[in-house]
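Each of the two complexes below includes chain A, the first together with chain B, the second together with chain C.
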Partner chain A sequence: MATVALSEPGKVKGGRWSPWLFALPAVVVYVGFLVYPAISSLFFSLTNWDGLSATYDFVGLDNYAKLPSDPVVVTAVRNNLIWTVVTIAVPTVVGLVLAIALNGKVHGKPVLRLIFYTPAVLPLVSIASIWGWLYNPQYGAINSFLELIGLGGLAQPWLGQDSTALWAVMVPAIWLRTGFPMLLYLAALQGIPNELYEAATVDGASRWQQFWHVTMPSLRPAHYIVLALSLIDSFKVFDMIYAMTYGGPGTSTQVMGTWMYFNVFQYYEAGYGTAIAVVITLVAVAVGIPYVRSQTKEAS
Partner chain B sequence: MTYTRRGFLGLTSAAALGAGLSACTGAGTTSSSGGGATAEASNNLRLFTYEDDATIGLLKAQVKKFDEQNGTTTTVDSLPGSGAAVYPDKLRTELLGGKGPDVWRIWGGQIGSPFAKAKQALDLAPYYAKFGWDSKLNTAAISGMTFDGVKTGVPFIALGIGAWYNKSLFAKAGVSAPPTTYAELEAVNDKLVAVGVTPLATGGKYGWHVMRLFEYLLEHTAGPELHDKLLTGAESWDRPEVVEAFALFKKWQDKKWLPQGALGLDPADIEPGYVQGKTAYTITGPWTEAQAILSAKKPSTAFGTFELPTDQKPARHSGFVEGYMINAKSGNADKSAALIDFILQPAAQKAMQITASTVKGAEPDPKALPLAAEWSQKYAGNPFYTIQDQAFPKKEADQYFSVQSDLLQGSVTPDAAAKKMQEIVSAWAKG
Partner chain C sequence: MTSIAPVRVEAPVLTEETTPPNQQSRGRRGLVITLVLAVAAIFWISPLALLVITAVRPLADFVGNGPLSWPDEFTWSNFGDAWGIGNFATTYKNSALLALIKVPLGVLISAMLGFALAKLRMKFRRTVMFTVFLGLTIPIYIAIVPVFIMLRSAGATDSLFGLIGPYLAFGIPFEVLVLQSFFRQIPDEIIEAAKVDGAGDWRVFFTMILPLSLPALVTVAILDAVATWNEFLFALILLNSDANKTIPVGLLNFQGQFANNNTGLAAGILIAVVPILIAYTLLQRWIVGGLTAGSLKG
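This part shows the complex of A and B:
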């Protein structure tokens, strides 16, 4: 009788290098397109390269030392913080409220879901154009509507003054970012067993108590995903600002992303601009660490 | 110690190769430019420009003629509508990517300067001699494309900007003739506002459009000699003439001579307002006849032009040059220069409806573009001061736009604005 040779348990055919061989294509892509450019950027942040010439000088940490005394960096950091807090908090809360509403007995659920999610799939430049027209101080719908309902005194040059420009850009950002958490929460809500609510009802829990003690704990994994992705989205802010205000009026709506772009691509100060990019990356990594750790803990 | 970008890339690539990653990073290195080698010669040229839909076809037709005569194949790429705010970024990225165009169109002054200083653009002195451009082209325009004494660009447009107005709205306000003094211009503005018409169509998004008003006011208050010295940092901005110009600038907004919320408006949206009958006039150049008036199918006779009155001698208006540069790494420099020379022929300039050509004998056709021809005849001979976003490097220009913005919003006084401008300009002039 023929016998079939079986591999010893625990031994992988091909030796210990097999996993690495399988991982190699991904590692090559990762190193080539992420690690190598990142190291290059780090290096150029230590130079005075203008972004166009063939030569540059090594200037050590000069570019980093200049950052705190750059008044636009101060404005940009403040704007980034405001942007991050507002564009995470508001879409998340509104998305959750909409998800809960749509999870109940509502007529036309699919249509409403589509309406709330549609802004998320529109091109950002289109959104910026649409809202730019809505905000037009003379012919825009927003000021016209305010005047129509007798609140003409509230009409403003929304994008044309420091006091309102950043907030005006955040409104479409919130509008387009609400659909995504809504969908995630909706999916998570539908996964909560009904028995939990039945048991809570039997125990005499009010709807509010059910929300805090059944719904919210059950949504914890969704919270993590929503917050992590929102955080990443917020740090990446660039396009809405660039398209709607170009960082202005003056420099009042500059964020770190746009200020990095202006320095690298417009002011021919690639070394300094790259230093800003490095700082943005370090902050994003630092902020992302708690999320990664929590995910790792949960997985283990 | 000075390094070359290519050297760094080569070094890091070698390290990467050593780590067994040659397949990936090696390719990345060879595609990078910076101090890169000259490309191989071929019959394939690429021209990069910012022509819009109204004129790109005219340029392509001339390029096609050149190709037919010279056995070349020229690709024309355009980035229309972006203005000087975006186009140079795209060009720079292409050059760094190692696949830059052979020929590109660019503005003069501080916008074209970085490409010359970085030696991305070829020294065209041999071609100036070969094609006799010095005698064919406007001398002042050539100086606008000469950087640190090196002729790195060939100007083909020398544009002056002035007021382009809607005749029916002027008539509605009881204005029978364009103003000839600054006081008359203010009176016209008041009359327009009185009949519910916003006088000046201008938008501050990107900064440069509103700048056209301030630079005019500065020419009015400072006069030609001082204005020129201010632009080079040879005189302090912290002086009464500049304060007065900033005070007038604020006055224009406070008296509603500018559109409401002008600072947030996109020039592309607001400037054609004078054609649409929403505003009385704008400050622009002869290109507006083809781009705004004729493309809207409006008759040129419904509009007029005038040089903004400065009350100074000589009377000047804002102006700038545009021209072509050749890629220093192009393997087709001779053919590229021949292409430029072809485009510079009077017949080609006329065929492309260039309204402010630097080429002698290529004046605009009064039948096709009557207003542009009128502007050319009346004012093109007047001297011009360098438009301020070409006088300053982009960073300083943006800082200056920021001062304008703060002033119009009332967060700084005219006096403080003048002091701030002095800080900006003196830091640049010293640097």
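This part shows the complex of A and C:
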């Protein structure tokens, strides 16, 4: 212990065990309630456990083999993909446009920023309630609005039919998720040195060229963070679907998360449900690893 | 713990006024953009505005005149009805209690780990760091079945306290990520000076690191409180009785009961979100600053 030199940059002299005493509470909780459960899920996914009884059999990879032939899984994967693409693309683009607009000479900037970011802090369940209420076929504001502007023919039970339900659930998700990219891009835009634009202007670049050759490259770190976090977030979709459509009508809005929930807690197929959870997690982790690595590397 | 973004807190809140690119006189252009943004903002906020308007009108007025009409009369009675039937006295108390226990505890243990990672000589530091940050990508689903079993065998299902463990665990990655990066910026020299004066690691942590990191601690605490207040899946699975439900789970039940009472439903939703809206409006600068400042070096 005495060999710990003061000259070691960035490190504090202290006992060998001292760091671990600091780390202990968080590590214990993290391992106990996240790492250990995650690993035991791997085990449960190899059994035919129903979630209730004391006994179960080890069935190997049967649960995984069953996945591709489960029509709901096929629907859920498709829905997850649509969900991921749309709820990343739309909020990112809209957030960027809003940020660029708000970065100009605009009046009432703080109020506008507040308004566009507000949905991002609301509980998902309340957002689901608000939009379920707006979509109400009888007294919903959305159908009323369509009638008001003369498009009453388009009024329909948005959440109640296969053809529109998934899209209708994505609208509040977009509403919720636009605020964060907007804030991040806004901060990034303010960090771009004005000289870059001045130089571009001198070189005769049009506004559009400036956008592509100055703004977009300068925003690369922001793009990276927005995309990485959106991707991680999109795989976790559950609350909105559960609270708005309960996976229905039929199974038209099921995603992997809700289908896992229904298998475990409604159909008493805990083994199979856990296999679904394992698959989602593996995909989410695989996608997230580059981001996690970048964060770890930078901190070292 | 969804919808929270891991970021680094470094600089003070972003500056309000900056010079726009190409500052030729563009007053007119600015005005047009302002108008377009204002219209967009009105649309953006209209769901909440409608909610407020509906919540303060009698049901008969709403049904008679339609959802988009201006009310003929106003009333507060929807709130009273919703408060009672929605069991909000209980769910409020539960959510507040949970946040009051979970948030300080989570911030403290995360700060301790963050300190060890940022400023102490720790073996396997990168491994610990990688494992903890990996938690950012791990969905709650993977833990649900085992956590449910663990808590059931401990007799801690249907108990608010049963939620604390999983809530802490899923909050740690984000909190540690933010805090350790903040601690990292504290100069080693001042810590070494304190060490020379005989201060131990704990003393350094409590009397130097924590006070110096107040902005980061507050930001993390606010974001964590919002996440805790909003958490749904664990609460849905682990809490059964009405006496133990949190706001999101209570709201979902309430929604079912009030399906045909549009004004009462609006009042109930509003009751559930008002604390978050007030907190957010008051603490905006912290939240915005925390979400954006310094997160862009990536």
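By definition in this document, the second predicted complex is superposed on the first by the 258 of 300 C-alpha atoms of A that agree within 3 Å, B and C clash if a C-alpha of one lies under 4 Å from a C-alpha of the other, contacts with A are read in each partner's own complex, and residues count from 1 in each chain.
Operating definition for what follows: a residue touches a chain if its C-beta (ideal position, glycine included) is under 8 Å from a C-beta of that chain, and two chains touch if they have at least 3 such contacts.
This structure is a prediction, so every number in the text was calculated from the model and none was measured.
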(request) Classify the contacts of A:Gly248 with the two partner chains as first (chain B alone), second (chain C alone), both, or neither. (result) first
(request) Going by the touch definition up top, name the partner, chain B or chain C, that contacts more of chain A. (result) C
(message) A:Trp158 in the overlay: touching chain B, chain C, both, or neither? Say first, second, both or neither.
(response) first
(request) Kindly classify A:Gly32 by the partners it touches after superposition: chain B alone (first), chain C alone (second), both, or neither? (result) both
(request) Have a look at where A:Ala199 lands relative to chain B and chain C in the superposition and call it first, second, both or neither. (result) neither
(message) Is A:Ser40 touching anything from chain B or chain C once the two structures are fitted on A? First, second, both or neither.
(response) both
(request) Check whether A:Gly51 is in contact with chain B, with chain C, with both or with neither, and answer first, second, both or neither. (result) both
(message) Contact-wise, after the overlay, does A:Leu183 reach chain B, chain C, both or neither (first, second, both, neither)?
(response) second
(request) Examine A:Arg293 and indicate which partner it touches, taking first as chain B and second as chain C; both and neither are also allowed. (result) second
(message) Contact-wise, after the overlay, does A:Phe265 reach chain B, chain C, both or neither (first, second, both, neither)?
(response) both
(request) Could you list which residues of chain A make contact with chain B in one structure and with chain C in the other? (result) 29, 32-33, 36, 40, 51, 132, 136, 265
(request) Quick one: which bits of chain C touch chain A in the complex? Just the residue numbers, please. (result) 2-3, 5-7, 14-16, 18-23, 26-27, 29-31, 33-34, 36-38, 40-41, 44-45, 47-48, 50-51, 62-63, 66-68, 109-110, 112-113, 115-123, 125-126, 128-147, 150, 165-166, 168-170, 172-173, 176-177, 180-181, 184, 188, 191-192, 195, 200-201, 204-205, 226, 229-230, 232-233, 236-237, 247-249, 251-252, 255, 262, 265-266, 269, 272-273, 276-277, 280-281, 284, 287-288, 291-293, 295-298
(request) Show which residues of chain A lie in contact with chain C when the two form their complex. (result) 4, 6, 8-15, 18-20, 22-23, 25-27, 29-30, 32-38, 40-41, 44, 51, 98, 101-126, 129-134, 136, 139-141, 144-145, 148, 175-177, 180, 183-184, 186-188, 190-192, 194, 197-198, 201, 210, 214, 221-222, 224-225, 229, 232-233, 235-236, 238-239, 242-243, 257, 260-261, 264-265, 270, 273-274, 276-278, 280-281, 284-285, 287-289, 291-296, 298-300
(request) Enumerate the contact residues on chain A facing chain B in the complex. (result) 28-29, 31-33, 36, 39-40, 43, 47, 49-58, 132, 135-138, 156-162, 165, 245-246, 248-252, 262, 265-269
(message) Help me check something: in the complex, which residues belonging to chain B touch chain A?
(response) 1-6, 8-9, 12, 16, 21, 23-25, 28, 34-36, 85, 88-89, 92-93, 95-96, 114-115, 117-120, 198, 204-207, 259-266, 269, 278, 393-395, 398, 401-403, 405-406, 409, 411
